[in-house]
Structure formats: structure tokens, C-alpha cells
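Next come two complexes, and both contain chain A; in the first it sits with chain B, in the second with chain C.
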Partner chain A sequence: MRARPYLLLLPALLALGLFAAAFLSFVTISFETATPGTILTHGPPTLANYRSVLASPLARSTALDTLRLAALMTVLTAVLGYPLAYVLARSTSRWKRRLVLFGLIVTFLSGGVTRAYAWLIILGNRGLINQMLAALGLPTFRLVHNETGVVIGVVHFLLPFFVLTLLAALKNIPLSLEECARNLGASRWRVFWHVVLPLSIPGLVSAASLSFAGALSAFLFPELLGGGRVHMASNVIFETILTDFNLPRVAAMAGLFLVLALVALGLLGALERRSARLWAGGAR
Partner chain B sequence: MNALRSYSPQVALLAAAVMAFVLLPVAFITLYAFNDAGYLSLPPKGLTLRWFVNFFESARFRAALEASLIVAAVVTPASLLIAVPAALALVRCRFVGRDLVNSAIMSPLVVPGAVIGISFLSLSTRIGTGIGLGPIIAALACFAFPFAVRALVANLHGLDPRLEEAARNLGAPRWKAFAFVTLPQLRPGLLAGGIFVFVEAIDNFSIAVFLTNSRTTTLPVEAFSYIRDYDDPTVAAMAVLLMSFSIVLVFLIDRLVGLDRFLELK
Partner chain C sequence: MGADQPRGCKLEVEGLAKSYGGVAAIADVTLAVPPGALITLLGPSGCGKTTLMRSIAGFVVPDRGRIAVDGRDLLALPPERRSTAMLFQNYSLFPHMTVEANVGFGLRMRGLRRAEAAPRIADALRLTRIAELAGRYPGQLSGGQQQRVALARALVTRPDILLLDEPFGALDQNLREQVQIELRKLQQSLGITTLVVTHDQLEALTLSDLVAVMNAGRIEQIAPPVEIYDRPATAFVARFMGVENLLPVALGSRDGATVRASAGKLEATVSLPREAGPSLLAVRADAVQLQDAAQSGAVSARISFATNRGPSALYEVTTDDGQTLQASEERRGAALRAVGTKVGVRLRDESCCLVKA
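Coming up: the complex of A and B.
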């Protein structure tokens, strides 16, 4: 009887063990030295990889760019996603709700490659938007192979996650609270600012930290839409391993990236718990 | 119009605009895939299935499609087989270290894909297996099974354990009570978790790209290198195939568990 939970957990623990083994080998390799001309590595343990990554200007600017872009993407996702989630939570029309949910889930399930490619064609120099601008006699813009394209692509990728997470929190806010405020003469804007927004903060924070985690680890979108000009952590790791197969150095980069991501997400997690305490009642 | 409606027409318009932004790529890529020109032409030139033929005639894409289907066919049932007992233990049993085990199981979800890719690349270099389908399957199963655990835990929390107890009291052995009472009630969680894992297995780029080589690639990695080498809508045809598949999935979800219920299990 006593062994039962552990027996049930055995397959999961084996999978976690494999994950831990992979993790351990990447951490140990990050302290080794590449054997030139092969994919092999050898000891003795050294901090040289970490030292050289920390000293590299590219690594430093990449860390800053990754954090800055992820923050920008999260804010834009929240600004665009909040009204959609709110209308979805409060709409009285059943078919409209179903249509929007349907569209969000199809987009959500249709995958990253599909969407990154679509944006590449839409935003390209001779893409949909620029051809339409040119046809109207307007100036054209460079929308891909720069940060604009990457930000548009990632925000689009994050929107379904954000909206569906926030929706769950917004649905938990009783409509009667808003109706009371309206009946007492508050304008819609006042109701939003003083009733809906404060109650939705825990849900907003958890939807935003989910988006931030997704934005931090963005890889395919910066790779395809950034055209080598936008350096986010995953891309720099990938390009480094493509150009010189120096696994220890790349492992050190990945290790530092992981620390950066975990610290950022840990801070957001603390914020999430704090906001749930301060604005209790919004989310469960 | 209800005067006390929660949102103003302006906000509704804004939401509609955001929804248009969400749907734009899906709608556009569909038109592009059927357009009879090797480049973007406005207005469209005429309908063709050329790019779909191209996709299926390409040996590289066929091999990648096959590899992705093998990966998904192994990873999806494997993840569910790992996740069902784990979710049962987490919800139904009280034991020492439960919270710790729970956070350990969810930990792969916070690790960026590229770091997981590098980890499994390091492991396969360490033990000398090299890269290929095996490591891809192992990495994706480790990464994706927590999604299934999460869906099944949410599902199990909503069930009444007394139903299973009643079956036990009436003399059913433990496995029978589970198979005939609890398992049928887990259908929404199995479907939701299975779909998440399946989509992740088919669509994953960030982990798989580190574990593929010129001989073994998966669909997203192949599409990525095709986009870099060629400039024609073959990848759009692939995208339309994947999207049609996800539309079928959404209909299936709606039929079997309902969209709202599905979202609760996300």
C-alpha cells in the first residue's frame, strides 16, 4: 500500500531521470574542453568556457536584447490580448464566442513554422503589406529582417496563450460587480479601472508571465524573421553550434541562458504570488 | 443594444481588429498555397494544387513527414502512459514529497527549448549514440509528458473518488474499478493532454533542430531549411495540410468534450 504512489510515479520518475541525465551531461560538458576536429570533449574541469562567454560582447548584448525584446513582446501581447479576452468573457452572443474560441484554438494548434512562414510572406520586402502600400502609391517599409518582424511574429504566437489564460480569470469576476458600479453611475471606463482591472491582476500577471516565458525562449521566429540581425539567446546558441561545433562553449552559453531565464521567471513567480495575495478574488 | 453592456462599441471594434490580426496569417497562407504563381501576386493568378504535388513529390519532405509521424506516434502514447499513473498518484495519494515530485514533473516546462536541445545533444555525445530519431523521441517525450500530467490532474480533480470506492465496495478489483469507472471519466483529460503532446511532437522546432542531421530531419526542421534554400509556396502547402489537420482536431475536441471544457484542462 505504501509503495503504491511511488510505483505509479515510476514511469514519470524514469523520464525525469533521463531529463536529469541530459541536464547533468550538458552541465559537466560546459566545464570541459572541446577536442579540436571532433565532437568529443575532454577534461580537466575548467571555467574557461564561462569566462569567455561572460567576456564576449555579443553574449552580453544578447542577454540584454533578449530581456528587452521579451518584455516588449509581453507588454504588446497584454495590450492587444486584454480587450479580446474581456470581450470574449463578457460577450452575450454564443456563436460569436464560439467563433472566436474556434479561431484562437485553430491558430494555437496550427504550429510555429506555419505562422513564422506566413509572416515572412506577409511582411516581406515584396510581401502582402508592401505590395499593397506600393499599389496605393505609398512608401514601403522594411518589416522583416529586423526587430519589427520578430516582435510582430512572436506577439502573434503568444496571443492565443495569453487570451485563453486571461479569459479563465476574467470569467471568474462576477458580472454583478460591474453592474452594481454601472447602476451607481460609474462610466464604463471607471468600472474597468476601479473594478475589473484590479480584480483581474492575478490572472493578468500569470498570463503575462506565461507570455514572458514564451518570449524569452523564442527561437524560430527570430531565426526566420530576424534574418541574422536580431540576436535572441536561443538563436545565438544555435548559430554558434552551427559555425564552430564547440559543444563546451555552447553548453556554457546555454547554462548562463538558463540561469537568466530561471531568475527572470522566479521574479515573475514571486510577483504572481504577491499579486494573488494583494488582489485576492480575481483568480482562484 | 443593452445600455449596461460591459464594453463599448469601440472596445468591441478593437477586439475584432485583434482577432483579425490573429487570423490573418492562417487565412493568407491558405490563399498563397493555392495561388498559381511562384511568388506573391496581387490579385491571385488562379488556382493550383501544384505546391501540394511538389510537397508530396519531394523526397526530403516525404522522409521528414514520415519521421515526424513516427515521432508523434511514439511520443503521444508514451507520454500518456507516463502521465496517467503519475496524475493518479499526484491527485489520489498522500505521500512524502508530493509537492516536490509535482514541481519536479513540471520543471521541463520552464526550461527553454534550445537548452533542452543542447542537453540531449550533450547526452547523446556523452554516451556515443549520435543524434537521430531516438534522441528526438526521448527529448520530446521528457519535454511533453508534463503537459499531459497537467491536463489529467485538472481532469482528476473534478472527479468524485466515491464512484470508484462504490465500485470497490461492490466487489470490483482495483484494476477493474479503475478501468471501468475512472478511466472513462478521464476521456477529456486524455484527449486534451494527447492533443497537446501530439501537436508538440509534430511542431517542435527548438529541441529537434539540435538533434537532426542531413539524414534524419523532422517536418518543421525540413520546412525551415527549405524556406532558407527556396522561394516557392511548397511550405505554404505543408502549412495548409497541418492547419486542416488542426481544424479537424478542434471539431473533434468540440464534439467529444466541448471547447470550454477543453480550455479548463489546458
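Coming up: the complex of A and C.
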């Protein structure tokens, strides 16, 4: 019977259906009006929520802040993560590789809240770093309850995703290409610049896209390390639900942020495909 | 490559050793390659030939020993400062660069300006007959074309030593023979000292001025190809060069530089062994002469297996005193001798030699 294989799809379809239904009701709500004093909503369909969100200075600044911070976090993750991925891919020292992998896996497996509080202990005004600076007679810095703290927390969260994604791409670059380049007179640094980096660009872009998506949807770290001063999309959506109690408007806001994120990720995806064509496969 | 073609350099390796975790990859290797010569490192996988080549290129740091080019020590230099050019087994073309950029890479890394590099790139492309491919990417080339690009890229830097790692392994048989001859001609006309790693004895014989047969990290014999083929020094070399029969022998009376060697009833007059110690008689199948039975002076035997190898027939014969050996014979259009037929066996003196057991 031809029907049988499709039966296996049933659980997945059910889950997808539920997800789609939830999403659909969320979209529907964004076109309705809140009934004051309740969480209920009613028709008729209106664009008022969208107009209101688009006109809101908070929503606009949040969108810009979110994109700016996510871009910054992605760049920092890439700068910090690339060397780690390279060590994992190429180091001949098993200890070096184990150390890096251990550090990443610990980050990966420890819970977000635990890590956020750990960062508070390290970065706080009376935290480890500032106590050390003070003991040395140096000026202290505000490292948390601001963007710095959020960026540190999120970059730490993103690193394993970035490194493990890039690692796969780096491992696909044959070692003989690097040896060949050195044989032709390139120093280690120029081998990296002329061979490894260009060939890793498709992998780098996919690792960066993943990090960027993670940064865009960051909620926990901005919430716990931002001290209420850092407005990223998820936090603002969450806070608006609590303060406005206006579900249709929040739905419209979330929908607009989602569209923005999808556009940004779509652009990165296009870049990824283009770079893959340009760099890895020659002109095909 | 015009007036300033690479002059041949002398390559010397002395007492080189490298072990990995207590296992010797190469043990005490010494060899000298005269300027402009092509030497082949021949041996089965794991014999240390690749480790030796990679030591010369600088990718393996030997435990001890010395490598020198024209008397200058090489080991102190990192790979990028050695003037060796290596052709990698899989060609290792940079996939993100055009053929032209690939070939020009070594010149760019050596700081040549575009105007200086361009004519040299063009020369190298012409020399390897791929000028029309300059703008293509490696992904658009056939295996043979890729190999030419890799060769052009290696030659354009005018290296002192050219290193070729299994250079024809990825080519199909017909193309391989043609390219081998072409490469040999090119190498001779450039006069560039070249070291080739291969496990294919025919390739080694076709290409080389010198063949070094390696086994378990050591050089078993280093000699011109004809000598390696005709007079292998050891049983290992003989077997690797395709000698079918290695017979235990008793040595009889000496006469000047020759000695009478007898393997059972079979006898041959051969040159004295180069070294003392137990010897085997190496007899190629085509040195075993088969005669119709009952001729005098031949050892009587019986055909125990027969098969045909194109122009020749290959037999297994068993002598009356119980020795089994392989013999080949040109067919000249005749049918194979039947299994069970009685024959007389005789060894051709000039095609037999004593090897170290």
C-alpha cells in the first residue's frame, strides 16, 4: 500500500499543524482589537495595531537596537570563535583541542540562568573583575546592567553554536591545500589570509547567520544582565504584554519584529549561497 | 623557461631518521642525488617514502640527520623558505582561484610584482600546454588538466628541487604512460633535480635516473633503473620488481667474477654476490627456458598450470626434484602447452642473479 509510508509522517504533521494553528491565531489576533479590562479580543479586522507599532518610538528604537546589538554580538562571536574553531580543526595537540572543546561543551550544557548569575558574580560592580581592579588601585568599570554585560552574556551563549558550525566547514578544507600554500612560499599568516579564510567564507557566513538568529531572539541575557536598560525585541515584547495588557498590539509588534528578523536572515542566506558559489566551487 | 632556467641542484640526505610513537617511519636514510637527476623513491605503502619526501619539503621534522641542497642545510628553514616545490598527490589546486592565479600564487607569495610575474606565468602555462585554460577554475578541469596546472604552479617558482608525490596515481592508464614520458622530457630539458614518490615499479623504471627501493624505513637498494631491474640486490627488491622465482641455492666453484649456483638440479652461472651472507637465486619467468621433453642438459619437469598473458604464455612447472617455478614463453601464435606435459627446464644465465636473502 502506498499510504503506509505517509502514516509515519503523521506525528510530525500533527506537531506542525499545532504550530501553524498557534501561529495563525497569533496573526489573526494582530488584526483585532483588545476588549478593555480582559485578555479577550474582538473584530472587525483592522490595521490599527500595526499603525500604532510602526508609529511607536520605542518599537523603532528597539528594532534598531536589536539589529545593532545582534550585529555587534555576531561580529564579536566570529572574532572570538574563529580561532577556537581553527584550533579544534587543526591543532595537533590533543590537549589543546580537548581544552577548547571542554570549555565549549560546558557552556553548551550549563543552563542559561546559571550562566547569567555567574556573569553577574564576575562582572558586577563588586564582582570579581572590579574587585581585582580596585585591589590594584585601578578604576573600576560598569560591566553589567548595561549593553556591555548583555553583549558578554550573549556572545558566550553563541560561541559554541558558532564554533561547532564553523568547525565542520574548516574540517572540509583539505590540509594539503595549506601545506601546498606553504610549499609555495606563504607564511602561516598568509596561508590563513589567502587560502583558509576565503575557503571558509561559506561556513563562516552560515555560522554567523546562526549566531545572528540567536542574538536577534536573545531574551534571557538582556533580561537578567541588561538591568532594564537594554531593549532587545524579545524583552520589549515581554514587557509590553505585562504593561499594556494589549494582546493584539503585542502580536502586531512581534509579527513586525519577526518580519524584520526574517529579512535580515534572508539577506545573510543569500550572501551565504553567493559566497559558496564564488569561493568554494569556483565559477559554476 | 628561457635563459635563467633552474640549474640543477645537488640533493643530499644523510642519516635521516623519524619515528612516530616509537615506530620508525624512516631509519637512517642516506642518499645523494646528482644535479639535474630524477630519483624515484619506490616502495610499498608505509615504507617511509612519503615521510622522506615530506621531510625534504619541511612538513615533517626528522628526529636526526641532515638534508642539504648544494651543501646548504635545509632543516633549519620553515617549509615556505625552502626552495622545494611539491606536486601533491591530489594536486591541491586552490579551488577559489583561476588557473592563472593558482600558477601565480608562488610568485605572489615571493613578492613579485604583477608585471614581473605575468610573463613567467605565461611561460609556465605554455610549457605545460595549458595556456588556453588560464581563466578557468580548478572545478572546471579534467584530472589531466589539473595535474598540468599543479605542475605549472610548481615549476613557475623555479625550485631547486621538484618533489612529486605519486604524480600519476589519479590518471587513467593510457594517459598515465603518455604523461610520464612527457614529464620526463620536461624534467630533462629543464635540468631540474627531481624526487618522485611512487609504488609503481614500471613508473619508476620509465622516469628515473636513479631508483631507491625502500622497505620498512630503509633504502634497500639505490641504483639506475636498469640495474635495479636486472640485478636487484635483495630478495625484497627482486620481489618488488616483479621477479617471479626466488630459489634457495648452493654456490659451487668460482671462476673469476662468476660462480656456479645450483638450485636442486637447476644450475646457472651468475656474478658473485655483492655481499656475503645467504643468497637466493632470482629468476624471472622469462629466464626459465622451456624445451620439449627429453633434450639433454635440461632438468625434466611437468607443466602444472598454464595461462595466457597476451603475447606470452605463463606456466607453472614442477621439476622432478620437487621445485615449482613460474616460466613464461612467447607464444608466437602457438597453442599453450597442456597441463601435465613433460618439458625440459633450463635457466638462462644472463637473466639470473644472486640476491641477499
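By our rule, the second predicted complex is superposed on the first by the 276 of 284 C-alpha atoms of A that agree within 3 Å, B and C clash if a C-alpha of one lies under 4 Å from a C-alpha of the other, contacts with A are read in each partner's own complex, and residues count from 1 in each chain.
Note that in this section contacts are C-beta pairs under 8 Å (C-beta built on N, C-alpha and C of every residue); 3 or more make two chains touch, one makes a residue touch a chain.
Since we're looking at a predicted model, the values are computed, not measured.
With chain A as the common reference for superposition, the partners chain B and chain C occupy compatible, non-clashing space.
In the superposed model, more residues of chain A are touched by B than by the other of chain B and chain C. Of the two partner chains placed by superposition, only chain B is touched by A:A254; chain C is not.
One geometric descriptor of the composite model is the angle centred on chain A: between the Cα centres of chain B and chain C it reads 80 degrees, in steps of 10. In the superposition on chain A, A:C180 contacts chain C only, with no contact to chain B. By the touch criterion stated above, A:R190 is placed in contact with chain C alone, chain B being left untouched. After superposing both complexes on chain A, the closest C-alpha pair between chain B and chain C lies 5 Å apart. Of the residues of chain A, those at positions 179, 182-183 touch chain B in one of the two structures and chain C in the other.
Residues of chain A that touch chain B in their complex: 4-16, 18-19, 21-23, 25-26, 29, 39-41, 80-81, 83-84, 86-88, 90, 92, 98, 100-107, 109-115, 117-122, 124, 126-128, 131-132, 135, 156, 159-160, 164-165, 167-168, 175, 178-179, 182-183, 188, 191, 213, 216-217, 219-220, 223-224, 233-234, 237-238, 241, 247, 250-251, 254, 257-258, 261-262, 265.
Partner chain A is touched in their complex by these residues of chain B: 2, 4-8, 11-12, 14-15, 18-19, 21-26, 28-29, 32, 39-40, 42, 81-83, 85-86, 88-89, 93, 95, 98, 101, 104-105, 107-108, 110-116, 118-123, 125-126, 138-139, 141-142, 145, 149, 195, 199, 202-203, 205-206, 209-210, 219-220, 223-224, 227, 235-236, 238-239, 242-243, 246-247, 249-250, 253-254, 259-260, 262-264, 266. Across the complex, chain C is touched by residues 174, 176-177, 179-187, 190, 194-195, 198-199, 278-284 of chain A. By the touch criterion given at the top, residues 57-59, 78-81, 84-86, 88-90, 92, 94-96, 105-106, 109-110, 136-140, 153, 157 of chain C touch chain A in their complex.
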